[in-house]
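Naming follows writing order (A, B, C, D, E and F), and every chain is counted from residue 1.
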């Protein structure tokens, strides 16, 4: 897009993550299926928003892995399970360790409070499937 | 209620919408079943709130169809799938086109950001069932 | 923890509530299962947060039953079904009547508006199973 | 409104609270001035909503003082300084102690997390003016 | 941007609105001053987001005036005074009547609940300055 | 607290930041003054929460500077100007560059949408004072 941004170097494909975790597989399959309805609609503004969204997490001044963890913190504070799953998977694909994921979730727990806890539980279930 | 408000002229019944879309049918059935518990409780304040809620979407200075789309924008920004389904169905019953629904969802997407996207996907799935 | 706080005197165990309500059973089972993942992780900050969370609802200057109802109001305004289920169950275990639960839900409905209604419906379904 | 609800027995008038606390005075004056614009508009639905809102905090199955504290918890979790001021003042007028106000704020802090802290600070400033 | 979107036909300039209302003037001046800091930074992604944001409110399948009112409803539910001021001013510039603004605010009040009321008061103060 | 966490190595004191930026000075002064009311109250649970909050941003598996930026993203998505100011200042004290701060704000803008923009403007004003 612009010169100082570039695609992150993923260590794993989405498929490899899906092969490791049933939760990840179900999430990715549903996401793909539903995105099909959005893509078919071919809405101009939605496509541009998706493009901007993609751009925000590219390698830049900040390493992509920390941006994904920022996305995870935001998603957890705003309490969206789908977004939490997505950013845990993306972080995992970028080599983020379990300890790093937990520390990011801790920031979200403190900022967002106990209303975040039900989402934290689901996040930990996914962490268990991914990291064992 | 007061003289300048009146019931909107729906082009379709809820049943006709349910016959067209399986998502709409499931949503409407569950809503009816759960509302049964609320109605049976016969709570004075809840009944008055439901009445006010109904009143807010009547034909008035603003056409009912735009009020339903405002309800859709609010529901999408506040990220409530049930409310999104409800206002898409109500708008559909009032003859709102798919392009109009998508433009309202675009306002919600820009105001509310990517945290809205998982709800946008579900909204588009329902739009596909309703408008083909 | 500190001298002026003490455990509430529950009139019923969680198991007794689960025996009375299928919704409560499913909620409590899922919560226990998912908490297993959190406990196994043994994250220092999460454990301390859970401890603080427990502390906030103990008998103190305010009776525990009103604190649980405050938790219910907060959970309903913030629209978390799991948290709503939890505080309805805890209130029930402390002898809160159905009329008291409904009045707390009314405060939440007025503060939080119609976006709260889908969660209110689920709350009333649980109230019906618990109080008949 | 209906037979089982009645006005709470306030121990203090709003004016007496304003005489005690400069923060309370400024809040109450601004609120009165701005409500003047709303009242002059004489909007049917707004008036009915204000009436319902008033009704939700009356003495009922739950004592009014606990309902005001529930309003305080909800306002703090939803992070509205005006609403926090209002419910602290109302609770104070009903004889709620400082220890009770702090315990209600603790529930809100745990549920809502550190994002609540800036509002907690303002709440404590008002508590200091009211209770010394 | 794309062929089916076009700039709305404003009946008034921002300056004409500022000449009519002191609240509008202060808001617009502060907004311009602060936007100066954003513009000077010349951040690629921010500029693209601003562009998308502008695009979402253009004349399209939905008339621009209803899109501005949708922005008003969303801003009121999400409780942002700046955004409320902005969309009231934009709607006013497009010829929206006071009755229409009030009905949009009513939808937001019902969806968002009493936590919206402090923002409703400020909205009505601006309506009074604009419409007399 | 526990062995693998330690205080970050700040490059600047709060006072040095206040000397550089008038916005930072006002924010820090107000924060200190209001925290005085909280500290004087000596509330057990609040003190423990403050302690946990402090703990969440220590050096650990994640460098403190990225945790502060995560706090910034969360604060921006949840739209709290005080929290935004705080985390920008803390990040600045840890040597975070302006480009890094902007990229974190971009993640927040995309996740949180245009409702975030008024807070983004204030953030950029502070960035201008700090980085020139």
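The working rule: a residue touches a chain if its C-beta (ideal position, glycine included) is under 8 Å from a C-beta of that chain, and two chains touch if they have at least 3 such contacts.
The structure displayed is predicted, hence computed values, not measured ones.
The minimum number of touch steps linking chain C to chain E comes to 1. The contact pattern of B-F recurs in C-E, the pair among D-F, C-D or C-E where over half of the contact pairs coincide by residue number. Looking at which positions face the partner, chain A and chain B present mostly different ones, since fewer than half of the interface numbers are shared.
The best fit of Cα atoms from chain D onto chain F calls for a rotation angle of 120°, in steps of 5. In terms of the distance between Cα centroids, chain E is separated most widely from C. Spacing of chain B relative to chain E, judged by their CA centroids, is 24 angstrom. Inter-chain centre distance (chain A to chain C, centres taken as mean C-alpha positions): 30 Å. Inter-chain centre distance (chain A to chain D, centres taken as mean C-alpha positions): 40 Å.
Within chain E, contacts with two or more other chains are made by residues 45, 49, 52-53, 56, 74-75, 77-78, 83, 102, 106, 109-112, 114-115.
Taken together, the touching pairs cover every possible pairing of the chains. Chain contact summary for the complex, chain B toward chain A: residues 79, 102, 106, 109-110, 114-115, 117-118, 120-122, 124-125, 127-128.
Within the complex, the chain B residues that touch chain F are 77, 109-116.
Across the complex, chain E meets chain A through its residues 1-2, 44-45, 48-49, 52, 55-56. Against chain C, the residues of chain B that register as touching in their complex are 31, 34-35, 37-38, 40-41, 43, 45-46, 49, 53, 74-75, 78, 80, 82-83. Listed in rising order, the residues of chain D touching chain C in the complex are 52-53, 56-57, 60-62, 66-67, 69-71, 73-75, 77-78, 83, 97, 99-100, 102-104, 106-112.
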